[in-house]
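A short write-up of the structure that comes next.
For clarity, chains are labelled A, B, C, D and E in written order, and residue numbers in each chain start from 1.
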Amino acid sequence: MTPTAADMVRVLPEIIWCGFGVLLMLLQPFLKNRQGLTLFAMVGAAAGTLATYFGQMGSGFFGLIQFDTYSLFFHWLLGLVVFLVILASDSYLERENLAPAEFYALILFATAGMGVLASAQELLTAFIGLEMSSISSYVLAGYRRDAVKSSESAVKYFLLGSFATAFFLYGIALVYGASGSTNLMQIASTDPSSTLLRLGLTLILVGLGFKVALAPFQVWTPDVYEGAPTPVTALFAAGPKAATFALLLRIFTTIHAATDFWFWAFWILAVATMSVGNLGALVQTNVKRMLAYSSIAHAGYTLVAFAAVTTMKLDPETGAAPAYAAVLFYLLGYSLVKVGAFTIVSEIGGKGESYQTLDDFAGLGTRQPFAAAAMSLFLLSLLGMPITAGFFGKFYVFKAAINSKLIWLAVLMTINSTIGAYYYLRLIVVMYMRERTGDVPAEAATSLSPTAAMVVVVAVLATLYLGLLPNHVLGIVLSQNLILSAR
Amino acid sequence: MISGVLVIFFVLAALAVLGAVSLILQSHPIHSALSLILVMVSLAGLYLLMGAEFIAAVQIIVYGGAVMVLFIFVIMLLNAGVEERTNFSKLATFGGVPLALALGGIIAAAIARSSGHLPVPTEGAISSTRKLSMLLFSEFVYPFELTSFLILVAILGAIVLAQREN
Amino acid sequence: MELSGHLLSILIFFPAFGALALLLLRSEDEYWIRRLTFVVSVVEFLFSLILLRAVAIGAPGYALTEYKAWISSPPINYHLGVDGISMFLVILTTLLTPICVLASWKGVDHRIKEFHVMLLMLEVGIIGVFLALDLFVFFLFWEVMLIPMAFLIGIWGHGRRIYAAVKFFIYTMFGSAFMLVGILWLYNLTGTFDLPAIQLTLQSAAYHLAPRTEMLLFLSFFIAFAIKVPLFPFHTWLPDAHVEAPTAGSIILAGVLLKMGTYGMIRFCLPLFPEASHRAAPYVAVLALIGIIYGALVALVQPNLKKVVAYSSVSHLGFVVLGIFTFHTISMQGAVYQMLAHGVSTGALFFLVGMLYDRRHTFEISEYGGLAVPMPKFAAFFLFISLSSMGLPMLNGFVGEYLILLGTYQVHWGWASWAATGVILSACYLLWAYQRVFFGDVTNEKNRDISDIDAREQWGLVVFAVIALWMGIASPYFTRRIAAPVNAVIEQTKSRYAEEASKPAALPQPAAMAGEAQQDSLRRTVSR
Amino acid sequence: MPILENLWIIPLLPLLGSAINGLFGAKWSKAVVNSVALGSTGVSFLCALEAVREFLTGGSQPFRKEFFDWIVAGNFRAGFDLQLDQLTVVMLLVVTGVGFLIHIYSTGYMAHEEGYYRFFSYLNLFMFFMLILILAANYVLLFVGWEGVGLCSYLLIGFYLVKKSAADAGKKAFIVNRIGDFGFMLGMFLLFRTFHSLDFATVFAAAAKPEVAVEPLGQFGVLTVACLLLFVGATGKSAQLPLYVWLPDAMEGPTPVSALIHAATMVTAGVYMVARSHILFTHAPTAMYVVAIVGCATAFFAATIGLVQSDIKKVLAYSTVSQLGYMFLACGVGAFGAGIFHLMTHAFFKALLFLSAGSVIHAMGGEQDMWKMGGLSKKIKVTYWCMLFGTIAIAGFPPFAAFFSKDSILFAAYNSENGGKVLYGLGLLAAVFTSFYMFRLIWLTFYGEQRYDEHKVHVHESPGTMTGPLMILAFLSLTGGWFALPALFGGKDYFAEFLSPVFGAAEAGGGEAAQSLEHILSVVAVVAATAGLLVAWRMYSKKVERGTSEGLHKLLYNKYYVDEIYAATVVRPLMWLSTNVFWKVVDAGMIDGAVNGVADGAAAVGDKVRHTQSGNTRSYAVWVVVGALVVLGIVFWPILQPVVFGGGR
Amino acid sequence: MVPTNYYLILSAILFGLGVLAFVFKRNIITIFMAIELMLNAVNLAFVAFSQALHKPDGEVFVLFVIVVAAAEAAVGLGIIILTARNRRSLNVERVDLLKL
């Protein structure tokens, strides 16, 4: 038995991404100028994304992967995110004079890994994908070799990451033992009463929960996010998170047993995660770190929709579609906003990321009106203000929760978002209502670099587009049999 | 009645656990590394016992050989001395050991009470190396190809991280 | 006519275009910024006057409705409409905005462009709230409106402006978050966000909400509105917000924003959840009464002139809430009327206080005294407005209060009696404050040569004064237009409460009146 | 054009005058301001006369016309409706007439004051509201005038801006009136609830229906409660117990104001309102009784205070309170006609007294303390004679006005059942006091040696603009009572007869037997007045100096410390409560404390959370382990549950 | 014949010991060894299952795991060297600049 051409086409994005990664490494000795490499990498990211156009729906490689609207959506999401991140990295790499080629290559490899995660329908493939993205992430986190924080974030991420991977792997082993296969479709058809299965799925949840930073597995997030180069942080906050959520949701919806086992776990983890995230962010003075905490909180919100899936699946006429839609829409809006926000942070941060505290943002409204305005928009979106992407995201999550009678979860989410409002608002307040104490250091950025500006503009437009005219995207995420593997 | 196989199993198992424990207790990384090698070797033995020769071989060659050598090499490189038993983390100091044991215990217990219904394995090798390679290049070709990129990433990463400032 | 087809949209978004135009100007030439904003807001006001002709008198239901599919799933539609109640609130908004521009002519001296952009965006949000007929759209405007307001307070405010801004924002956020839950829950029950549609569904005999569910839904909306009103004990954001806000902010805040709460109660709480409203009414009324008296008493002892006015709003809005929750047509018409009246008088009061601040940069009453001599015109206007605010007959304040009390008395004499004490107290705090500021000798030398109002300020005040007088004399002009929608609301609120609705007379009689029987005989003979 | 059909002209003219003066007067000369002010009031007086003529020629049916809707909501309508009947006629003539005179007087008196235009603007505004009050055809419009005159009194009392005492007095007047209005409003609401209308015509018609039972004494039916509430309003406006406190302070205002507002017109509004609602009151004997008692008590109580005051205007003020008490007494015992009669005569002589006092003060250069006067009779003859006229009138000597009016009141009181005699007794005593303090005033002011410094103040007679009105009023207070003259000799009381269409049967019956009794009583009254006169003569005719105040005298001199009591029992506690409990504790402490507390709490928890973020990888690993355990716990709960809970069984 | 349980329980024990080692050791390299120990436990489980189920793919997984482990080792040790350079210490507890 050999893979068909169709199968190859189905994984074309991954192939292209990896291919461009390799090409970058080969070009590096000859192609010295940075912009060229940046452009090349962006082309790669875009090409990979567009390649999804050719793939036809259905499972490939003997059921190892599933190419459906769901994975399509995530490929687009990842492609867009990576595209923006690369664009945003350009000025950063220049400022910190870091080697661009390897950087972009690693990013593209990571992207490929995430792509695998998004479409994997078999746990081992997923595992390989996860490792691809993780290992490149470890390296990227430590990419500023001479910066102490960077290396620390790398080592923490690496140790804890592989620790969690071990759990994930052990879970796979047990599931395999229980069902004799690692293919989700076959696992789905095994006797749910089996304790091995239960145990295995639990350990898988632990492993993946770590990757998406659910409390109490979130501990690594703030440190790693803070230490990593800011564009990389943007990638972490958007890419791997989305991809891992994708896998999580696929497992969750494909395996009935998981749906039953995990519901309460999701319920409780959701509350814990958003509370920890928001409360932690409440007291941060470093904007980058604050955003890290906020991304924890948002993982919590997303999880609310997960919890909603369980009961919604039983609902005959809607099915869990609204909940899926909520998750997807939320992740899309959230990722783009985060990329935008972190880009601004990296620009304001200046050389050596030395200006990231609230004080450094004081008076930004007058110094850099555009950056401040964009940042405010992103913050408002994270806060869930209407006419932004974040609002609809939160709105659909709310809706899903209430549809499935999870009133209490909704209320807790409400309270959390009120807490969240405080620190997002505080940053806005600082930017507009406080004047900078002391004079602005000379080397602090006076304006966004053109590339970063482009990224921000795109993010702003996306935020508003999703906030005002979500119909098109909704059409996609609400499409029939979004997840082919789902039962 | 205890068959010889069972005896071998228990010996190897004991060695493995012993190695693991000594890995924990040894204060010098080199000794820990050696203990780990002990674990791996005894596991290789168990693989043989289960009739998975190829895996056993790989275990010895790749793991016991390449990986562990790499470890020891690094230890030498950084000439890491005896590890200082600091206790900055209260949680780890007081909670660490019991919690870890609890986790291991629970998992073990769960497995013990669950996997009873597994079919009793038959004699002899169930998987020839041939079979494995067949699988590897047909059914699991995709992950297999991916691993190649994975290794590429690893190499690239290693270079990026470890290269001296030029 | 093509225009009237989109009149409401134009009303909502015209200021937004104005704001865009402002953004094109350089932030240096404040000359043009101020004038442009003023022109835009005045034009907007003229637009809004068209409503007076467009909304038919006595016709229930909504006029000028606009309906456009917006979001496919869940079905959210851009549904606008106006009736007698919202019409006047919109006009009040459009009226106050240009005055705000005048009010901040001198007071606002930095980031002038941003200021006026915010002002116009605020107008957009508020008008949107009043015109939206889709719960989602309503909520959307309701939230959006927060941001410019918070900015107005936070950037151009005084002393503790940031604290005030954040407090205002969080307070309201908190309330509205619950409202969102309520809205979604409601959607879950009815499958639509469309207000009229939801009403139909809920009214239909087939559909019946479980009492507990209804009460929870009611609360989820009510809390949001109560915070906005603000109803005791949710009022503590108000004094801070008012004192720290710039004059324009205070005018809009007191003039219109607070009304959004009471408007919401009339538009949503009552018609959607009749039983719950009726069950909650006693408690709400008690809170309102506390608000009336408590607010007045606290206002009485404030050393800060602006706080006096702020707390007076708490007291006055208490009247409105009381009027709404007696479900009596007279009192509810009075309530709506009082919203408008309060908008004018309190807006004017803040305008006046702002003038003082522009001159002396303090709100402390002790800083003033004997101002009547150096600034007679100002004193005259201040007195006039104070009188209108304390409900002197033939001025705007009286009609609303009187109707509220009258209507309330018909339903529950006790509430009315307690509320009426507010009338006494309002005289106390306003006159006392007035005396301390204007009468006696000029104690503070700084006030000796303080300048009287200039032409700009005078015209702003004249507008207020004329309107106050006109509203006081020609109240039927308003009540005729308010009556129909109010009665509609009452109908919807009663509909399931046939038994209560049928016998208002059966409500508890004054304890003082013994001889129930004889008195009933009297009523019978009278009604014959 | 027929004035009657356009009744609105009468109040409108003063309003115009007020508006014009108020807006433009500042720039104009006194002459122009005068012409506007006097012109408007004068013309409106003439219009009033014309209207009255048309009305009387048109028969005795009350005239009523609706001009425009003012407030409309549900079944409630308050229109700008004016009406004219005999009662209104009396009030109308008194208000416009006396008002006009006082305007003239003021031009002289205020000649040298700041804010001349302001004064006349206010005065005209007052005329407007007062006319609205008496012409109103429903309670709500009446309430407009009611509040309006209150406002004007506030403005005029506080006319001297820089005088703190004046401002205080004005504020006090307004607020105390508001307290009364509180009752009035509730009364209106109750009426509306009962009759579903507030038009006089409708309400009274409904109440007059035979089947509407009279609520027996001691029963608190709807009407009783309503009447009592209305009466609360009256006590506020007409300075009756316990709300009279504002009137004496109101003397801070310019004297013409005291004359016009605080003697002749505004303060009588309460009486007018009660008389207007007589049909309701006659259905509520309990209320009537309360009115009578309060009126009588006030008459006596105020008179006692008047005995010892040293400020000439304060004396007159308390006398006003006392006289108003008489009027309420009259209404209380059902003699509404007599009440109104006294209202009219009182308007004449009290205005006269105040204006004369004003002229005295004018002459003395602002001095108001009688102990600093004396021997003025020779210096300012006209004023002296006018003052004397007024005094004799108020003391109740025939044939002066008050003799007739007060007489009929006491007569009615005597005849009223349950406790009429007591009321009569007190009333008589009050009469004695009245003549005493009035003649005391005369002696202290005009006789004896002069107790002021010749060189400081040079006493001078007032200009014609002031003395003219005085003389007219003096004449009126002599003749004002003669409508009732025939009644003494068995003839009929023209005044009562004139009002009979309004009060009709309500009037207390006379009869042959009463005839003789009335003679006796009037003799007694005269004797009483004489007694007062003699005592005053006895005490003050010879050289006197300010009595040391202790004991009863001190108590009276300090007005029974009522103000102090109010301050101590109501005002201060309220302020304290508002400041130290509501504002400082409830608002700042509890509510805001809770809000901020939540915020701080969140921050504190947040700090805890961030401290779990120790930065130590080992701790993190342990957290992961903990998480794993938690998740295992949750997922395995269904299995563990029986193990955990089922263990016991 | 050795029942599969034994192997599984052994793997569980090894895994537990790996976790224990991870939280107990301070030296980064040794901690990394702990991870390797855990992976070995996983491998044991895989092989045991594949033997029990008569399915060879379990062993294939083991191969993958070993590859991944090797890759991780390469990167991980790289990172460790980097840290050691920056910090002059291999004690994980001294690598705590990022906190709170």
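Throughout what follows, a contact is a pair of C-beta atoms (placed from the backbone, for glycine too) under 8 Å apart; a residue touches a chain by one contact, two chains touch by 3 or more.
This one's a predicted model, so the numbers in the text were calculated from it and none came from an experiment.
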List every chain that touches both subunit D and subunit E. A, B
Top of the farthest list for subunit E, CA-centroid basis, is D
Quick check for the class: compute each chain's Cα centroid; which one is farthest from the centroid of subunit C? B
By Cα-centroid distance to the whole-protein Cα centroid, the innermost chain is C
Counting C-beta pairs in contact, does A-E beat B-D or the other way around? A-E
For subunit A paired with subunit C, centre-to-centre distance based on mean C-alpha positions, whole Å: 44
Measuring from the mean C-alpha position of subunit C to the mean C-alpha position of subunit D, what distance in angstrom results? 35
Euclidean distance of C-alpha centroids - subunit A vs subunit D, Å: 77
Between subunit C and subunit E, tell me the centre distance in angstrom, where each centre is the average of that chain's C-alpha atoms. 66
Touching two or more other chains - residue numbers and ranges from subunit D: 599, 610, 613-619, 621-623, 625-626, 628, 632, 636
Where in subunit E do residues touch two or more other chains at once? 8, 15, 18-19, 22-23, 26, 31-32, 48-49, 52-53, 57, 64, 68, 71-72, 75, 78-80, 82, 92-93, 95-99
At which residue positions does subunit C touch at least two other chains? 170
Considering every pair of chains, which are in touch? A-B, A-C, A-D, A-E, B-D, B-E, C-D, D-E
Across the complex, what residues on subunit D touch subunit C? 69-76, 140, 143-144, 147-148, 151, 154, 158, 161-164, 166-168, 171, 174-175, 178-179, 181-182, 185-186, 188-190, 192-196, 206, 209, 211-213, 215, 219-223, 225, 574-575, 577-579, 582-583, 586-587, 591-592, 595, 599
Residue ranges of subunit C touching subunit A (in the complex, touch as defined): 71-74, 111, 139-141, 143-144, 147, 150-151, 154-155, 161-162, 165-166, 169-170, 173-174, 177-178, 180-181, 184-185, 187-188
Touching subunit D in the complex, subunit A uses residues 155-156, 159-160, 163-164, 167, 195, 198-199, 201-203, 205-206, 209-210, 214-217, 219-220, 222-223, 261-262, 264-265, 268-269, 276, 278-284, 419, 422
For subunit A, which residues are in contact with subunit B within the complex? 1-3, 7, 11, 14, 18, 21-22, 25, 61-62, 64-65, 99, 102, 105-106, 109, 112, 116, 124-125, 128-129, 131-132, 135-136, 138-139, 142-143, 145-146, 154, 170, 174, 177, 194-196, 198-199, 203
Interfacial residue positions of subunit B with respect to subunit E in the complex: 3, 5-6, 9, 13, 16-17, 20-21, 23-24, 29, 32-33, 36, 39-40, 43, 46-47, 49-52, 54-55, 58-59, 62-63, 66-67, 70-71, 74-75, 77-78, 80, 83-89, 92, 96-97, 99-101, 103-105, 107-108, 111-112, 115-116, 118-123, 126-127, 131-132, 135-136, 139-140, 143-144, 147, 150-151, 153-155, 157-158, 160-162
